[in-house]
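Would you mind keeping the following structure in view while I ask a few things?
The chains carry the letters A, B, C, D and E, assigned in the order they are written, with residues numbered from 1 in each.
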């Protein structure tokens, strides 16, 4: 067991990090915001921490919090111009945001190290801390899901005009989704930079975006279990296919297609839905039984 | 130099147009982003290359490659989209499955090319330059501009003057209703994917020729640009995609020429951002189509 | 013309049709009535193959339609005006009508654009309006007109009077009667049950996925249980 | 005895054009060494080839796993960039020797367990920078670099510093992305501006392509074009054709070889794989020679442990290799030295300048 | 309880005067009818009141204050809710969840309470659930509580929309053809509910083509034709008005 953990620890840690990024992405998608800005938020968080910690000796915990706040504010600022955009247009605008962040990181060399990035970030993250932080984020996500907030997000996603007709201030809740997505993305960006020793703009590019989206879509866009399953698959997939060496991407491709074709809502969501359906069926059966009993009483 | 740079931009932009047209067509008919389009484009270049070096006349090689990429695109549809479409709500799952197909195609190409950069043998296409009014333009550039113009005209004709365009729009708006009216959605998909694939394939060959370089990852940067072009042009809009492609080509040329090169991307994307803020549905976007269509 | 035997349809385990048999003869106009959730729309969808049947036979014009795609069924002349109209919202009125023509294929029909415009003059007036911005009733007319353009042999109508003003409802029913007299076969699902029974010669009553009554419309209209459940006081 | 090691390179992903070739060269060297009985009767080097996928996540987990396998003595890899650095970091944490392909000093500085295989810019760039400023006497140079790869950026920056220190002015500095192939705008810009030298710091195929596009844009043929060691690949001439005639470059590898050892490698490699050997193949082949010698020394010292191999590796000097001056040595700071040559493309082949 | 006043309201689409200078009142505790031919402008009126469409001219006042320029969510929060002629539900959400968002206007727990799952938020949520169930009961939908709304029959979907619209106990409810797709027996069930709502003080604006239904329920009926108000008053009189008969009802069967 210990041996296993020792050998697979980075996989576990990366899994936890991508669960975090997954939630950042999921909040946006859940609220009907087709944002792919998580990469940009992660970059903001990561660079904030990296620069503060390596260049100014700022306390580590404080810099993580600061990175999270800055990314959250970034989310808020981004939501303002994006209020008029929807769907793919939003996606492209957020893509533009990410590209601008990356270009600026490459350009502001004196400050960010350009293409070389920032190195020598102390590696203070470990599985334990990550677990605790992921648990906290999960608790918040869970709370969203069981209170009115989750329902409002669901309403915004499925039919905005209905939400508005019931008094939901669309702009405000989209902004909230952006802020949360930004804060969670920034938080895990910061944690990541405290884990990998070195960061560079490239870590947050197109591949990052595609990866985070894949985690959420493959895992599930609405349930707590979604990003966990998605991140687990994405972490294990390369290991499963490792013996195939250069053919590995192809095998990964085949697996992605198979999984999403058979479980189009994502693995996690499908599991949760299955249990939900069973519960509902049982409840319906109960109701029917109760009704029958009542009918029997009244008719006799 | 300004006019020379604009010319360069137009040539590049017209190849973007070929690439993006297929992309926008697919989006137009089924509202799905096809991540495998870049790989199809790359496949076009690769197939033409291997045909050429195994002795096929170049024009034949291009033709063969276009047919082959058309078929590849149809396969992409069958493998990645078809079953998801049937269940409805495919927007996001289709993203993942087309990424899957992309991985497969790229991986095959990597094996075939042994990760090497390929280029058409010298002399595949005559290198000739013409100069008029101080502008240098190569025969190849002229041919590309002409080809793109002709193909775009043909495509617009096909969409506007046959019932195909109407069928595409009907399927795009409401596939179920269209089916009840006798529209064969399957055949509409087949045709759009074939056209999209063939155009992407041709774009791949032309890019390969023009810039003398083909490589298994060559599709990626073009995907990114195609996203941008298609959205800025207005999703599903053919004229929008063309105008946006040319604009992007020229913009890129000019930023490289006149602005600090490190900031090219930042500037281009900032401009895109601004375009979207001014026109939230893209340049040629139909406000009605995006804002939810039907009223109460 | 249409023969349905022991049709079953389920949605994820929910049995929506539990063995429905019915027939529609050439030139007939037949009504199908039933409460909300009885399975009327499900039945029409099954007839046009828009939903998959679990079991049963559907023979249209002498051919079993099993395995045909909805568009192929439509091209044989079985046209379905679905519930909720399903107009092509982003396209103009005129384009909607032209799309309707696709079902015609190589067949011929007497229903031309002029014919449809004559039935529903407002469609000609609003020829170039985006269909999604038509009023509800106008959309309903468009949906019917569009189906006619496809040269129906059998027209399935799912609540054609939905959202129509009384005057237009009269016109639509008059038009249907006229079309029927000209030889069009119609299967009509209608919540305005009295109206439907008046307009048709025969009717079926569907309840929770089963046919509970069938017979001449006039007879059903006088049946006490039917009055109580569907016609009201 | 079996001495176990892992060749961990980018077989897929963005750095595959380096990693794949390094791995192929290294594997061939190991096979040859075993066939020649390099480790003595009954002993052999057992290697496994693994893929870092140019992906930091996968690399970290893989190195950690390898570190947990007591039998693995040393890893040759990962290939480059942040992947290499991250690999170095775990290696030092887990006390596990790695020798990454990159030339980045940060890998060495990361700790005693991480080595680099290629010479850092400090060692190599002076060859071509001095040539530019002194031999060519250039005064005003246009620079084109890769903006999104740290190794290329480092080389380019070093070059800029060195020539500026010798009084050369930078006419312009432009960056391209590794995935770019459309340089028409850049080429037009440079062809229409003033400079007396153009330096291109990109991979070979991209460089050839840039040169072609520069020529097509009408760059004055008398302006010398220079590149660094990445150009020392048959690919450069093959892709560049007539356009790259006269381009100056520096190379650790002279295609076709320049002495018995390197010529034999070149011939054997092409015979075996069907493609001509390039610089990265030679790096892999040479690197394996160094590693094999280190292991052999560790065996001789009776310390066939990770620590033993690491210590032996850091003291390797004058190992015959197929690149540079022909011998490979680590200095006291564990910085590799094997030399460079300034070359020029002449009649479709590389010629050593001044010979 | 407030009443809703429309004063000289017009809506033009390009050259088309969809609604042309109409004035009407929706008083509390009553059901007010709005009828007229297809395309007369009825839904347009609803859209203007609920803030989906802007007014070309005129003013709309709720209890004296203008809501003519308010966004739709603000109008809703001031106590005006609506149903849609072309049903709009959250198709993937269950029937229960569809009704639950109807309570949004009544939510008091703040964002932070929701994010942290504080007891206040959870208590509120439980209370809403109970009320939602009883609403479903009232509309005869209890057995569908856990069904995805998109999978309901048309008539049932209509009922979900109504339950959702009245969940937050608004002052004014705009019903755009609520009994379309229901037979007379089913309509009568809803008529009972509408009467109860009016009796509790709500003001209902009822748009219907079922003339019998309207005359039975409404105290006051307005008739629109091509955007203009052609008649208003007692339903029995209005429906006998020759202008109304000619434009809307027709002579044949009614």
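Here is the rule we use: contacts are C-beta pairs under 8 Å (C-beta built on N, C-alpha and C of every residue); 3 or more make two chains touch, one makes a residue touch a chain.
Predicted model, so just to flag it, every value in this text is computed and none were measured.
Visitor: What are the mutual neighbours of chain A and chain D in this structure?
Guide: B
Visitor: So, comparing C-alpha centroids, which chain is the farthest one from chain B?
Guide: Of all chains, E has its centre farthest from that of chain B.
Visitor: Compare the CA centroid of chain C with every other chain's and tell me the farthest one.
Guide: It is D whose centre lies farthest from that of chain C.
Visitor: Hey, how far is the Cα centre of chain A from the one of chain B, in Å?
Guide: Roughly 30 Å separates the two chain centres.
Visitor: Between chain C and chain D, what's the gap in Å when you average each chain's C-alpha atoms?
Guide: 74
Visitor: Measuring from the mean C-alpha position of chain C to the mean C-alpha position of chain E, what distance in angstrom results?
Guide: 29
Visitor: Whole-Å distance, chain B centre to chain E centre, using C-alpha means?
Guide: Computed from C-alpha means, the inter-chain centre distance equals 47 Å.
Visitor: Any chance you could list the residues of chain E touching two or more other chains?
Guide: Only 43, 52, 84-86, 88 qualify.
Visitor: Taking each residue of chain B in turn, which ones touch at least two of the other chains?
Guide: 107, 110, 220, 262, 294-295
Visitor: Quick check on chain A: which residues sit in contact with 2+ other chains?
Guide: Within chain A, the residues that touch at least two other chains are 106, 161, 246, 248-249.
Visitor: List the residues on chain B that touch chain A in their complex, please.
Guide: These residues of chain B touch chain A: 27, 33, 35, 79-80, 83-84, 87, 89-90, 92-93, 95-97, 99-104, 106-108, 110-111, 220, 224, 227-228, 231-232, 235, 260, 262-266, 269-270, 272-273, 276-277, 280-282, 285, 290-292.
Visitor: In the complex, go through chain B and note every residue touching chain C.
Guide: By the definition above, chain B touches chain C via 163, 166-167, 169-170, 172-174, 176-186, 286, 288-289, 293-295.
Visitor: Touching residues of chain A toward chain E in the complex: what are they?
Guide: Residue list for chain A touching chain E: 139-140, 142-144, 146-149, 151-152, 154-155, 158-159, 161-170, 176, 180, 280, 283-284, 287-288.
Visitor: So in the complex, the part of chain E that touches chain A is made up of which residues?
Guide: Those residues of chain E that touch chain A are 50-52, 71-74, 76-77, 81-82, 84, 88-94, 97, 100-105, 107, 109, 111, 113-117, 121-122, 124-125, 128, 142-143, 146-147, 164, 168.
Visitor: With touch defined as at the start, can you tell me which chain D residues reach chain B in the complex?
Guide: 12, 14, 16-17, 20-21, 147, 173-177, 179-186, 188-189, 192, 205-206, 208-209, 212-213, 216-218, 235, 239, 241-242, 275
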